[in-house]
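You will see two complexes here that share chain A, one where it goes with chain B and one where it goes with chain C.
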Partner chain A sequence: MLFSSIMFIFYFLPITLGVYYLIPKSHLMARNAWLLVASLVFYSWGEPVYLFLMIFSAAFNYYMAGEIDREKTEGGSGKKNLVFALVINLMILGFFKYFGFLMDTINAVTGLSIGYTALPLPVGISFYTFQALSYIFDVYRDKVKVQKNPMMVALYLALFPQLIAGPIVNYKDIEEQLTERSFSFDSFGSGAIRFCIGMGKKVILANNLGALNAYVAAIAPDELTVLTAWIGIICYTLQIYFDFSGYSDMAIGLGRMFGFRFKENFNYPYTAVSITDFWRRWHISLSSWFRDYVYIPLGGNRVPVRRHIMNLLIVWSLTGLWHGASWNFVLWGVYFGVILIIEKYLIGGYIEKMPSWAQHLYTMLIVTISWVFFSITDIGEAVRYLGIMFGIGSSGFMDSSTLYLLRTGLVLIAMGVLGSTKRPVKEHERISRGFRWHETVWALLVLLISVSYLVYGSYNPFLYFRF
Partner chain B sequence: MTSTDIGKSIDRNTIIKAGFVLALIIFLVIVYKSGSAKDIDLAVISDRLENEMGIEKEMKKASDRDVMEFFGLDSGSFEQVVYYRNTRELAVEELLIVKAASKDALGPVSEAADRRTKTQIDVYKSYGPKQVKQLENCIKIEKGNYYFYCTSDNAADYEEVFRDAI
Partner chain C sequence: MAINIKNRLLNIFKGLGSAVRGNANELAAVSFAAVLVAFFALNLFAPDKSFSEKENRMLQEFPDVSVHDYLNGRFEKSFEDYANDQFILRDKFIRVKSSFDAAIGGIKSNGVWKGRGGYLIEDSNVPSGSFIKDNSEAIGEFIEANPGIRARFLLAPNAVSIMKKKLPVGANPADQNIYMDSFFEAVKKVGCEPIDVRESFEDAKKDRQLFYYTDHHWTSAGAELAYQAIKESFGLEEEYSFKQYPVKNDFLGTMSSKSGFSGGRCDEITLPVREDDGRLNSVIFYEESKKKTTEFYNLDKLEEKDAYQVFGGTNHSIYTIKTPVKGNRRLLLIKDSYANSVLPYLMQHYTEIVVVDPRYYYDNIQDVIDVEGIKDVLFLYNANTFFEDSSLKMMLEE
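This part shows the complex of A and B:
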């Protein structure tokens, strides 16, 4: 089930909210139980087969956290149980996500043709597996108390607002909220508004930008001009931002409607002044996870330079691999790893001294190029596309397709560029000072337009669903 | 806790962990062997294509005879076949979904789809660049015991319906 679907907006969400708030607030456990049931229904709507996997993950991680805690209480380190839990969680993720990649790589390297069945990826598996691991690690490190109620662990993993595409919620950030949440009309209202704005970002902006990108993607490479290629990748750059940040807004807004406060996942990444700054603003929950559970345990930056560089390359290769079981994603991750190393040790000082327009231009050039390898899974084709962007192998600078794209898409692209900055928010705050209901009216308008698109339009999954 | 209690506890915990591993392995084997394509009636996909995607604005539902004529496939050899095609002059839009009894039975379908696109491209290459482009961008997917082939500007949308269903 998608957030941006008629079924969710007009059936699932009202029923879930209605029953939730009919339960008296003194019965939080009953509310949690209902939320868990609703979350499992949400998940199984599209994939009933993998509901077993979700329930297994909850049961297994609940049990293993208890085992780690028991072992530490009896004077042990808990390490064996930690490793066992880690192996099983990664085995599940590896089996569904990386088995095909592994087989393809073995076949390519050895020249064999070992047959296998490529299984579809259970939706959200990368997200809830990482959440489960964060719980296990935090229990091991004594950062959180072990949860004695299995329903709470299941709710933490399966909570539908952030189940399918994040943000990745660390257990320590939600531990208290599972047993104590406050409600206010203000909070509910701000959550609803956030949900509407997120849906607008996805349905109005991302989907339409995606259509422009799809138009460019359908053009044969030997008919692609320089400007058309740039328009295509700029549309993708904006599409992926509005698609993913829109979903995160919806998830955070939904969470707030149920009294949960999730951390922000995006902080205007396209206003970043360096790649280092970009990764503090893009998919914050993922980069934080890798920092806390991989980078810092490896030693972080408190190690000799060579080891630090190795740590960064490991973390960024894994970050790329998390995004997809394909070499282009690994390349994408390593690309950023190398640039971050260069910024850290070579050019960071120079970047800081650059005027801000140059910093933004540098950052957006690097980021836009990265999306070529993210969007085109065949590395050869990605390199070819990149070449065309810079005039190599292109069929000229511009043609009728370019004019068509500019005529039909320039306003949308301009809206996208503006929408990715803080400017609209500042304008909104200025208008709200004179007109209190501005935010509500604006959200309702966005909701109306989005629903119109959903009723009229076709299937519109989230790009990050594939992770 | 006495050493006996600890021993019993250890045995019980080991058994529980082994139980988890066994349950997981059984599930993974079942999922793998089934190819994890849902067993779904093609009428459900057909229904969604018609009601949600409005495919009939572009293509009409065709018969088993058409499947034989254009693909050389005997619909009776498969569990189910659904075929739509645009019957207008110079139109190449078509969508074929085949559900076979097993994955191994899809070989002829894949070959037929390849032959079909090649033949069509040969027909249109000297005077129909738009048609050739559509044919070159056609989508062909084999998943579990299903085969999906579509030539259309909306092929990606129809593909999503198919993937979502199975």
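This part shows the complex of A and C:
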């Protein structure tokens, strides 16, 4: 089920919240049980088969964490069990997500044409597998106590707010909240506001910008002009940010409405002053996962330079691959890895001395170009598109399609650019000071417009089906 | 347990009460919860509709629940469609959307282009994969079962192709001509003579307004051109000339309300009157309501929003027009609303016209032909509606 649907907002959410809050606060376990049931319905909606995979994953990781813990209390290291759990989790992920990719690559390299049937990707599998791994690792490293109640492990993995598009919640961050969390109208309300704003980011901004990008994507490369290509990728740049951060906002907001506190996942990434800074602000839960469970175990930066560069490249190829089973995502990841290495070892100091407008321009140029490789699966086509952006093989600077895009898109793009900065929030706070109703009116207005788009059934893509 | 829930609700209400007097977040909490509860209840209790006049399509009704449909995802899909289609105040919400689209500078809203010269032009619909084949086959079988009839198909072009020059810069609608060509070819093969008015429309569009600025229908002038083509195709001999009698000059049609674009040009609605002032005292009989009337025009509809309904009223499943025309010629007209403004012309030639709208007609059409002794059958649709409509095929296969 998607958050951005009438079904979710006006059927699933009222029922889930209603029953949840009818159960008294003192019966937290009953609330948890209900939340688990609701989460499983949410997950299975439309594709109930993969529910079994989810249940298996929960049971398996519950059991393996117990085994690791048992081994450790008996004096062992728990390493064998850790490796086994790791292998099984990654095999499941690999089978569903990377099998087709692997076969394609084998066929391409060997020139064979081995037939295979790739299964449809279970939604959210990359997110919940990473959550499961963080739990297993943390039990192994004594960062958390083993969870004795299988329902809690299942709830941790399946909790519907963050289930399909993150943030990736680490077990250590939520362990306590599973057994003790506070409920208040204040946090419910702040969650509701957050949810409405996130919905608006997704439905009003991301979807409309996405429609513009789709218009550009449908133009044959021979007929693309320089300006059209730029508008297309700028729209995509804004679309993916508002889509993804909108989903995170909704997840965080929904979490609060049920008494959970999730960490922030985005921190105005398009205001970053370098790529290093950008990755501290973009999909924070993913980059910190890779930092904690891959980069640091590999030795992090406390290793010789050569090894460090190697580590960074490994982490960033994996980060790329996590986003989708296709070479363009690997390229996208490595592209960022290389730039981060360059910033770290070569130009970091120089960037710091640049005027702030140049820092922003530099960062956004690198980021925008990265989205070309992210949004166009075929690397050859991506290169061609990039060429057109810089006048190579373009059909002129602009044409009637460009005019059309400018006319339909200018306000949206302006809204998007402005919305990527802290400015609107600050202005909003300034205006609303001393006016109690302001936030509510604003949030409900955004919800009203979003719902009107959803009712009509406008363009509403789901970008994370590859994640 | 009962007492428990009662206490629980009391507690919740107490909390709500203090929250209303609380800070901004607490207010938001109460308001958001109230919105959810209100819409949940309204959606639960509001009666469902099966057809949307505004969007001209069937709405999803509550799907049957079965384990099988749940497991293969069909139930979920239908339920989501149901939630959207039956959403309370759906039309109002769509209006909000289109106004917002228009406000942020869109030149296309809800499938309508904001064209030049005041034209609001609906985007073209493309028939799905087997549509042309399925429909022409159904028509072929119908003709085979009725060897005595003369069948004609008038598929009207829409403003999106005839008034292409009025589209905004960069608008890229699918070319409906390609699909019309292949449809005409397909029906010709099965023995149904196509009536193609595109050329005469192209010729006439310079000096006459053939489509409304703000409505998806053709004007009475457009309808007259279509009538000329029908007359020729069926070999109707009597010659009449018509003058247009204006009855409304501030018509804002469905494209205006659908798109939310304001500043569109108002339309004039005219009714054709015979130059020789010949008036036929026709009698119209509506089958479903068993009502008889002598007025084809519903002049009271001119005061309503959808003033095009002046031509024969709202969508009827079947009705019969009996005229004093001599010669005992009878026509079965299977049509959409484009035909409504052609009827005043056709009435001059036929003793009886049976008008059927397959979207609402669920009986067997064969009975009508047999009982009424019909020889001429005219299918009259506009391409945009037709390519999205499965009801003709369903009716013919009944």
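In this text, the second predicted complex is superposed on the first by the 462 of 467 C-alpha atoms of A that agree within 3 Å, B and C clash if a C-alpha of one lies under 4 Å from a C-alpha of the other, contacts with A are read in each partner's own complex, and residues count from 1 in each chain.
The definition used in the following text is that contacts are C-beta pairs under 8 Å (C-beta built on N, C-alpha and C of every residue); 3 or more make two chains touch, one makes a residue touch a chain.
No experiment lies behind these values; they were computed from the predicted model shown.
**Student:** Evaluate whether chain B and chain C can sit on chain A together after superposition, giving fit or clash.
**Tutor:** When both complexes are placed onto chain A, chain B and chain C end up clashing with one another.
**Student:** After the superposition on A, what does A:Leu444 contact: first (chain B), second (chain C), both or neither?
**Tutor:** second
**Student:** Which partner, chain B or chain C, touches the larger number of chain A residues?
**Tutor:** Counting contacted residues of chain A, the larger count belongs to C.
**Student:** Can A:Phe95 be said to touch chain B (first), chain C (second), both, or neither?
**Tutor:** first
**Student:** According to the stated criteria, A:Ala358 is in contact with first (chain B), second (chain C), both, or neither; which is it?
**Tutor:** Neither: A:Ala358 stays clear of chain B and chain C.
**Student:** Looking at the overlay, does A:Val305 come into contact with chain B only (first), chain C only (second), both, or neither?
**Tutor:** A:Val305: touches no partner chain.
**Student:** Hey, which part of chain B ends up inside chain C in the overlay, 9-17, 81-89 or 135-143?
**Tutor:** 81-89
**Student:** Which parts of chain A are in contact with chain B and also with chain C?
**Tutor:** Comparing the two interfaces on chain A, one with chain B and one with chain C, the shared residues are 46, 49, 458.
**Student:** For chain C, which residues are in contact with chain A within the complex?
**Tutor:** The contact residues of chain C facing chain A are 4-5, 8-9, 11-12, 15-16, 18-19, 22-33, 35-37, 39-40, 43, 70-71, 73, 76-77, 79-80, 83-84, 87, 90, 93-97, 100, 104-108, 110, 168-172.
**Student:** Hey, which residues of chain A end up touching chain B in the complex?
**Tutor:** Residue positions touching the partner: 46, 49, 52-53, 56, 59-60, 63, 67, 74, 84, 88, 91-92, 95, 117, 119-120, 214, 218, 220, 458-459, 461.
**Student:** Enumerate the contact residues on chain A facing chain C in the complex.
**Tutor:** Counting only chain A, the residues touching chain C are 5-7, 9-11, 13-15, 17-18, 21-22, 24, 45-49, 185-190, 192-193, 195-196, 204, 208, 215, 400-405, 407-408, 410-412, 415, 432, 436-440, 443-444, 447-449, 451-458.
**Student:** Taking the touch rule as given, give the residues of chain B at its contact with chain A in the complex, in rising order.
**Tutor:** Checking each residue of chain B against chain A gives 1, 6, 13, 16-17, 20-21, 23-24, 27-28, 31-32, 35-38, 52-53, 103, 133, 136-137, 143, 154, 156-157, 160-161, 163-164.
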